[in-house]
Amino acid sequence: MTARVIDVSELPEGTTDSRALIWWGNLGMMVIEGTMFAMAIATYLYLRTVNIDWPPSTVQPPVLFWPTLDLAILIVSVAPVLWADLAAKREEKTPVLIGLPAAVLAGLVILFCRYRILTNLGYKWSDHAYGSVIWVIFGLHLMHVIAATCECGLVAFYCAVWPVTKKKYLDVRCTAVYWYFVVITWLPFYFIVYIVPWMQRKGPS
Amino acid sequence: MSKQGTPRVAQASSLRPGRGAQAGSLRYTDRAALEKTWAHAPGLLGWLSETDHKKIGLRYIITALCFFTIAGIEAALMRLQLSRPENTLLNPDLYNQIFTMHGTTMMFLFAVPVMEGMAIYFVPLMVGTRNVAFPKLNAFGYFIYLAGGIFLYTMFVLHAGPDAGWFAYVPLSGPQFDPGKRADTWAQMITFTEISALSVAIEISVTAFKQRAVGMSLNRIPLFVWSMIVISFMIIFAMPAVMLDSGFLCLDREVSTHFFNRSEGGDPIFYQHMFWFFGHPEVYIIFIPALGYVSSILTVFTRRKIFGYPVMVASLVFTAFMAFGLWVHHMFATGLPQLGQSFFTAASMMIAIPTGAQIFNWIVTIWTGRLTIRTPVLYVLGWFAVFIIGGLSGIILASVPLDVQVHDTYFVVAHFHYVLIGGALFPLFGAFYFWFPKWTGRMYGEKLGQLSFWLLLIGFNLTFFPMHILGLEGMPRRVYTYQQGLGWGPLNATASIGAGIIALSVLTTVINFFVNARSGAFAGANPWNADTLEWSVSSPPPPYNYVYPPVVSGPNALWDAAPDQPYVVGLRTDKREVLVTQVLDAQPSHREELPGHSLAPFLLAIATTIGLAGSIFFAWWFPIGLGLVGLVMIYWFWPRKEDVIDHLVEEQREILREEPAV
Amino acid sequence: MIQSVLHPAGIQASRIGSLWNGYMVVLTTVYVIVILWMLVAVWRAHKNAAPQISDAEERPHSITVGVAVGITTVTLIGLLIASVATGSAVGTYGDKKPDALEIDVTGHQWWWEVQYPDPEPDKSFKTANEIHIPLHQPVLLRLATRDVIHSLWIPNLNGKRDLIPGRVNKLWIEADRPGVFRSQCAEFCGLQHAHMALVVIAEPNEKYQQWKSHQQTPANDPVTPEQRHGRDVFLSLPCVNCHAITGDAYATIGPDLTHLATRPTLAAGELLNTKGNLGGWIVNAPAIKPGTAMPPNQIASNDLQDLLAYLESLR
């Protein structure tokens, strides 16, 4: 009795698209972190329901320049990263070596913006619950901005110094998706930290 | 770029004879090459750099059982203290630490990790692949779990162990009422174990979705694997809540945030909401794998597939979803609005429906099957008898007016031990007996096994049934003693005796396993004539699991296999390669190389431990730890020489191919 | 049975008790049926020659499972309705009860402060670790805490309610037979959670009014020389930093001692209120109840005797 075989030796060794295992692992990690962010937002909303004064009356209305600049840079930084991402799918090196460093640059500017914002908030995490939750929101997201910036820098470094293998192109793509995640998760936070208090000040008293 | 090929199904030559006897010179060389590629490394460095899922799975299980033993000793101390009114064996401070450590150890260091260990060991085997999707992450997950346990117990020995209960409500665990490092230890230990659980969740879900054997479409996945997929999703959505909650507790204590401080806008009840949003799914994360074991065992011992497979899968999925909608039933005494509470009553009762459906399906499976009674089956039947009582006392607790009488009393202690020990431990022990031959290659002792079951059944009921009555008689939880005239003495004494019988049962199992692991009868690959894929390889399995990954034709892989069942060839034997298949119908997609030995996971665990453990003493250790983590990550992802060489060779080949022939 | 769910002495506990009985009947029946079904299956399957798996053989069992799930669902819905109805009756009990007796209970680590407020300030009074209520009278307990979360649970009268920082929770009770009912803190609150008891004494209205008017009187003046000296000892020791005795001391950190001698127990139910126990408690409370906020006191033996004479006169 002869056996039948399925010969997979002709199948590609590794891919640079969403069929790859690490692609899904990266996605899983982002779902976890996204859930953490959702819980942080839930914290904000819950504390809002148990406080009459929210934000507390001692909190000045936020100055919008640096946060909006920060948001603009985040959104604009998607472009070079997307360019690098699509190039990596085609296993093309040059856009990767431009797009990722551009993201690093954007990350550094964002860090500077955040530094300005946090030092001018006017309240500390230990002043009141509002301060605690806002600082924690910033802290959580900041950790991801730093991680994503370092990751872009590291992957760009690897691609510059060593020959870029298919695996490394896949890493570029995962790093790019992580960058989109960092940008997208800031949107609800920006809304909560800046738009909502602004709306409340303008709304009926 | 290489051409994307399609697999060929070919009639093999006589070099590759039929399924049973895959002898032949080609298979022999393949196997020799695989042995070399997938070999374990010797010595301490080999142990630290191991990435074989079977070894790591067993590490989880054995470490979890060590913690189980320690927590059992803690329980024994509690039962000794409570066996008489006004006993003075343990002073209140020590008792409070011990009951906290018992609960914390059982929930975080035993129950979840042991289920994870079973998943890590069996999911790759059952789906027909060679390793989990992320072997280095797997290794790291174990080390960080071990570090968390060692951290907790080191602090306990240094009199800084937690003493506010396994869920550490504020303000009792807050900065004002719990000075020192006790609650910080608890909160940080949670971070360790949750990182571990989240790693496992990612590995298991990706492995189960992307690395299944060809032909294992979604409706052919073993119910064991389905239960592990379901808990992976639950872990991913539940753990962040407790990470954040314990993080907030640490922040309130260490740097004076006010998440739970009423006078500055926080709310102590918020702690409870966030904890139980995690806490309720957590108990289902512990319980649902046990349902997988019941299915695995009953299939084999009734000689038929489980009745109603689609309903079984749907029940698992529904239970998982609904588990997220029940948490307020832990808070019925806090004075929340009545209408909201009624919603949670309804949800807490309705979750019994999918579980009920599963129970009925299993009974029908037995009814229409041909049952052989062996130790694993006894434990499963014990599960029916014990868990259902726990489920029914749960229905009582779901009702608000009944709950406000028995909440926080020994009635609740009885309930959760019935569902945790009955619901999870009985099937787990049944699973240990069932898979013992696969792990060790030898059979356990059947008579001693059956004795251990009866001891557990009797001991367990003797210990915990009286507690229902004690709760109704007014005995609250977490009391280090009780007064003479209240009449609680006799039932407490009975419970303490029962605890001794439970210990005897566990001892019997341990002896059975220790003795027979060395000198039991040889078991062979498939002593039970079972249906899932792990039974088609040697006992214990070789490091690479399958010489040729199997192809599956039905939900019971080995029973539905044809005499000339196909198998997969063409994976490289000089690299650790696995076949990646498509999510829905498991058709071949591509091949991927998995990492082998690496010290990076161990180093990452050290860096993370420094950051987490250090930061409860001095906040700056946290960013220092992050920095160290960053350094290790650079090492983790450093390009490998072999990859670069391979890539350059492949580039050269492309260039040569494109040159016109001279 | 003085601390039992199954011996209701009040309206709420009786209602809950009826629900309990109904649940017990239903759930026990369910358990017996399911286990019998399982055991019969096991017995049959032992005898089966081979498993029956053909589609024709499976169909009747699908129907069985469907019916079983249906019965389960209907049963659960029935239990749900009964629960919501009971919960609503017990929960809305306090609406439209303008003549309720209101009592404030404040939890401390590890004792219960009880205050009977009155529109006239000198008619309100405080006691500790005991509540007296008249029979057939709706009583609203307003619950607050001075430190961590506690829970007040008088099983003979009603379910429990937590005492939560920053909130005032409400618990309604109405006793319909006389008796002394014991209660214990039911939310883990630290070292001496096990020794935080409270008694509820439900008595006919006349006896209650007697007790109440007596509690409203100021502290007895010391009569004998020993008692007078005892009062001086009291005022000279740190006692006044924590305790109140109307007319002499006003601190609110510890229990009010104005009518200390009328109480059956000390230290939240841990000790009987005898001279010896009181002396032991004053001299070294932490030895009896480790973790208590009451410090040990260095006190000469004859001073102690006089102090005890004074305290025993605070009837």
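Lettered A, B and C in written order, each chain numbered from 1.
By our rule, a contact is a pair of C-beta atoms (placed from the backbone, for glycine too) under 8 Å apart; a residue touches a chain by one contact, two chains touch by 3 or more.
Since the structure is predicted, the reported quantities are computational estimates derived from the model, not experimental observations.
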Chain contact graph, described as a line, ring, star, complete graph or other shape: line
Greatest separation from chain C - chain, by CA centre: A
Centroid spacing, where centroids are CA-atom means, of chain A and chain B in whole angstrom: 31
Geometric centre distance via CA averages, chain C-chain A, whole Å: 51
Centre distance in Å when chain B and chain C are each reduced to the mean of their C-alpha atoms: 40
Sequence positions of chain B contacting 2 or more other chains: 267
Of chain C, residues touching chain B in the complex: 1, 3-6, 13, 15-16, 19-20, 23, 27, 30-31, 34-35, 37-38, 40-42, 44-46, 48-53, 57-58, 61-62, 64-65, 68-69, 72-73, 76, 79-80, 82-84, 86-88, 90-91, 109, 147-149, 151, 153, 155, 158-162, 164-167, 169-170, 182, 184-194, 197, 269, 290-291
Contact set on chain B toward chain A in their complex: 1-14, 16-19, 22, 133-134, 137, 198, 201-203, 205-206, 209-211, 214, 236-237, 239-241, 243-244, 248, 251-252, 255-259, 261, 264-267, 270, 273-274, 548, 551, 563-572, 577, 579-580, 588-593, 626, 630, 633-634, 637, 639, 643-644, 646-648, 651
Residues on chain B engaged by chain C in the complex (per definition of touch): 91-93, 96, 164-165, 169, 171-172, 176-177, 262-263, 267-269, 302-305, 307-308, 311, 333-335, 338, 341-342, 345-346, 349-350, 352-353, 356-357, 359-361, 363-364, 366-371, 373, 381, 384-385, 388-389, 392, 395-396, 398-409, 471-474, 476-483, 486-487
Chain A - residues contacting chain B, complex: 1-15, 19-22, 24-25, 28-29, 31-33, 35-36, 38-40, 43, 46-47, 50-51, 54, 56, 91, 125-133, 135-136, 143, 150, 154, 158, 162-168, 171
